[in-house]
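Working notes, structure below.
The letters A, B, C and D name the chains in turn, as written, and every chain counts its residues from 1.
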Amino acid sequence: MIVEMRTGTTPEEIDGVKQRAKSLGLSVQLNLGTNKVVVAILGSNTGQLPTDIFAVLPGVENVARIMKPYKLASREFKAENSLVSINGIEIGGKRIVVMAGPCAVESEEQLVETVRAIKRSGACILRGGAFKPRTSPFSFQGLEKAGLELLARVREQFGIPVITEVVDPHDVSLVSKYADILQVGARNMQNFALLTNIGRKKCPVVLKRGFSCTITEWLTAADYLLAEGNNQVILCERGIRTFENSTRFSLDICSIPVIKRFSHLPVIVDPSHATGHYSLVPAVAKAAVAAGADGLLIEVHPNPKEALVDGLQSLTPSDFARLMEELRSIAKAVGRYI
Amino acid sequence: MIVEMRTGTTPEEIDGVKQRAKSLGLSVQLNLGTNKVVVAILGSNTGQLPTDIFAVLPGVENVARIMKPYKLASREFKAENSLVSINGIEIGGKRIVVMAGPCAVESEEQLVETVRAIKRSGACILRGGAFKPRTSPFSFQGLEKAGLELLARVREQFGIPVITEVVDPHDVSLVSKYADILQVGARNMQNFALLTNIGRKKCPVVLKRGFSCTITEWLTAADYLLAEGNNQVILCERGIRTFENSTRFSLDICSIPVIKRFSHLPVIVDPSHATGHYSLVPAVAKAAVAAGADGLLIEVHPNPKEALVDGLQSLTPSDFARLMEELRSIAKAVGRYI
Amino acid sequence: MIVEMRTGTTPEEIDGVKQRAKSLGLSVQLNLGTNKVVVAILGSNTGQLPTDIFAVLPGVENVARIMKPYKLASREFKAENSLVSINGIEIGGKRIVVMAGPCAVESEEQLVETVRAIKRSGACILRGGAFKPRTSPFSFQGLEKAGLELLARVREQFGIPVITEVVDPHDVSLVSKYADILQVGARNMQNFALLTNIGRKKCPVVLKRGFSCTITEWLTAADYLLAEGNNQVILCERGIRTFENSTRFSLDICSIPVIKRFSHLPVIVDPSHATGHYSLVPAVAKAAVAAGADGLLIEVHPNPKEALVDGLQSLTPSDFARLMEELRSIAKAVGRYI
Amino acid sequence: MIVEMRTGTTPEEIDGVKQRAKSLGLSVQLNLGTNKVVVAILGSNTGQLPTDIFAVLPGVENVARIMKPYKLASREFKAENSLVSINGIEIGGKRIVVMAGPCAVESEEQLVETVRAIKRSGACILRGGAFKPRTSPFSFQGLEKAGLELLARVREQFGIPVITEVVDPHDVSLVSKYADILQVGARNMQNFALLTNIGRKKCPVVLKRGFSCTITEWLTAADYLLAEGNNQVILCERGIRTFENSTRFSLDICSIPVIKRFSHLPVIVDPSHATGHYSLVPAVAKAAVAAGADGLLIEVHPNPKEALVDGLQSLTPSDFARLMEELRSIAKAVGRYI
């Protein structure tokens, strides 16, 4: 941590900073510039310390971090890429893993029709929401437990792993009985009670990026899962909130290479929620694979016109089949396969 | 809802929109422009319908809402201002209610010292966090149950009402035993399981604005509380996330008059979290009162230099006393009092 | 335009809206809902009218646009893709056009070395800045006229077209003598005096997106160029400003398919300014081509360590050569070539 | 500047950083932590150096600034508040200076009526636009030179100073003949050619904040004016672009105390452009004065319903009169007057 003192600071103020550092077991080095005193605070875990500890002291102008606040998710902590394995399907390796399905589970018929279509096209994991966090209390909130049972039935029938969202810390055990991967939605990225419980469960988890959280906050949230001993963490970029209003969110394509540079965790992309419109999904899905994403999470519905939730961003089975063909070419162009 | 058809749309496509509207019990009016067909969908609750229902139909270019998606929180639903009463202290009336105290409860001594100071200066509600949602798993997470007990003890001793945060839907009953007002933090504004449980509890609640949620989403989240029959809802503006990085968040001062125009709910302001720095708190607190806020939520710590959480944004008791004097003048200037 | 009246509006207020519309030569249709009156304003150019014209009238709650405010840049105005041709190089067709070169022109040696490298790798247009708009007055501001002369000399020697930025409306004639394409930088996207002058010059122009302008504002700025009769307009996405701070800007990858849907103009991508870091440029460049961009604008410097401006985001010639190989595969995967 | 080396950096890489610093006349201090090497670069003008100079070197992970990039606008450079004097009206002192008038000059009658009204209410400077930078080429662009002449005529008749916008660098001399204060609009905050010309003219200037520029960039833009010897610089906060869409922009109220802390320049607030709606202007204007703004820039139109530009955000003379009364009370509450 770098502590910048105010111009004209006194020896007593500098001493105050030194004392505070020593009381925390940290060492201190002084940099005396022409008109600024800068104090470097050194130690192995300064990234985990709040900067306020020094910023409140008299004479301090500003405190800057050198170490990142996340630790277990960082590439410095673990140099090689992490792989997450779901029934033999490896996420984070050469294969681009496509998870597809409806936003919300509506009926067995809907699920069966969807699974047949997406398997035929090459998707290998089924997505479907049973608990739906909806902006308005007057909207359809999901089939809840009945939805989980439908997912489990289809999973058995077709031998396809299932990913579904969990929204309440106390539902983690329940949901993980029915699903192979738990999904933490964007609105829950900093629901730390939920993260801790999933961390303890040690099951595969997709951690969606909060739509106004920085990449640093996202990796620090992943630390909550990793700190409990759960290493099966997959990140999912799904768009951030910006001033642009022609799409629902703005997909942060730069986050893919940034994550690859600073973290060992696999990262997938959800082009459906980012764009909010089926006509924009293919371009963004292709961009994600070209940028180095390890997988995709795509909404597919047998009949989007009748979907209870988010029909506008769902692909039809035939649109999805066409997209998968195009994605195969892109995957090959970057040395991977689907 | 206004459905704009694509240029060159067919009679069959227009008919599809009409049929969909009728199947939902809505009426339809056609507007034929020189080169655009626009279909107006009319009914008493179109605000609660997702626009997707029409946007996915063939020939539709765009769908715009006329009605707002929130209902119970709107001034159209209830014209006169709502008042929330806590032990006889009325929020939303002529009095500016100041809630003050430390970010995190640390010890009984800390609380006692704080209460003495803030009461002397004119604050009438004590704030203090027992459950702290922290960005990093390696940070201090609050005293939890022990913190609640300290708050309750001080509440009894000094006869001052207490506000504290609840983060887990299953802790609502527990926390409401110890506190007079429950606080929903910014990161939980769209934690709908939490909102529903607090709604059912029917106790006073401060709903902080999610730091990247629009005012419309905020009022729609308030509908979750109101829909369960809890009318004691207080909104709290605490800054939104923007590109500006000289402050922790950017306080959206415009939200105060916007809320007053579109909603009947009282709204208070948290200048401490918005700015993140004690030197900026007074200016923003004064601005909030001048803009029409019904109260303030301010961090005060007897010794900010030793605070375990957010010391940099906490005022000392003497800074707070000075600010309260200034606030009294501003309150008077806008026809109110503290 | 859709004018929503306040609940409880009077016949006189509705009449006021009708009169205003008629005075502008527009027709009016009334939609009477259960508790709302909505007035549809119809006419061929309502997109170009400010909404204020109706919003200020008594009884009006809100005014929403149906027509987009841009016209000449829209696909409704011109259905087929526009092509811009520079010395036989067509932008907007099957070929992905790569423009490369240093951020700032520094010397003839630097330019010659760059051109040799980028031509060898397959780039076909040279970029280089002579006038540099710099955030600080104490930074290097470019070689100005001497820089233009260096560009022209190299252009002649190697037969490669040149793109360079113009920042002052009065320099348009000067710069267009030395360059084949004028570049309008992000900070000048709404410098309307500059746009008008370039429009009159009728020379090829790259219009960079303002870093906090919506796509709608961007296309409306393009209308300034098109309205003067200049049809050789190329759009360039270069990242928008968001809260994310691990990259200089956030590239809005969704803007590519949005532009393709709503406009006929070609669009290229600048991955160098968006990311600000050479290690992130290749992933974003590949994503852009996969998403459907018609070209790229990439910073290449023979010796980034010694660059006077933006060295951190410049590729070395060998990094650039490697990237071009990868881009060729992506281009092929989407049915195009470099 | 603080240069953080990659974990496992080599002595050669550290030496490369040292050499680069020495070649720029800077001194170097090494901080050796447990697993990080951090190099402090010291010198009197490191704030004006681009961080890229070090960031491109091998082994460098990150470079952070300690010194701010602006210099002449900083309080470190000049400790006491700057005052700008216009015909004896001092901006930056005890008096809150209110500038009011129409968005666009439309006619002599309109101006005369406006001046009478605003003078009566206590405004002391007339605002009015002759050159209007408009988003769309199809909108009214201002009366241009004829508008300037109208302003000058009214100025003479009523003895009231005039502020008006200049958009083209080559119009600076022309406009400054007719106006007492030049206004640089938000879209031109980084139009450096314009800033330089106004700097040379040494006339009073209001520098509006770019709607997506940080406070640091804003003060650095002020350095362009100051560097040419123009000390009569007034800053104007007018809202930044965020995701919130219920107002046109989000007024950054925190910027007022931030500016006061880090700069000596006076700062005023434009509540009209920030909110975009007359009903929100009073609350925001009062907040600005309470937060410490030195003045206000408010749109007033004798007949907003007939205004050619921005009628929705203009106050009527009677609304303005009422607001001025309220502002007087607020000013008094913060120890100032109007």
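One rule holds for everything that comes next: a residue touches a chain if its C-beta (ideal position, glycine included) is under 8 Å from a C-beta of that chain, and two chains touch if they have at least 3 such contacts.
What you see is a predicted model, and the numbers here were worked out from it, not measured in a lab.
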item	value
Pair exhibiting more inter-chain C-beta contacts, B-C or A-C	A-C
Most remote chain, CA-based centroid, reference being chain A	D
Mean-CA-position distance for chain C and chain A (Å)	31
Geometric centre distance via CA averages, chain C-chain B, whole Å	38
Touching two or more other chains - residues of chain C	212, 241-243, 245
Chain C residues within the chain D interface of the complex	45, 48, 50-53, 55-57, 69-71, 133-139, 141, 167-170, 187-188, 190-193, 196, 211-212, 217, 220-221, 223-224, 227, 241, 304-305, 307, 309-312
Chain C to chain A touching residues, read off their complex	212, 214-216, 240, 242-247, 250-258, 260-262, 274-275, 279-280, 282-284, 286-292, 326, 329-330, 332-334
List of chain A residues in touch with chain D within their complex	2, 4, 7, 27, 29, 31-36, 38, 40, 42-44, 62, 64, 66-67, 76, 212, 241-243, 245
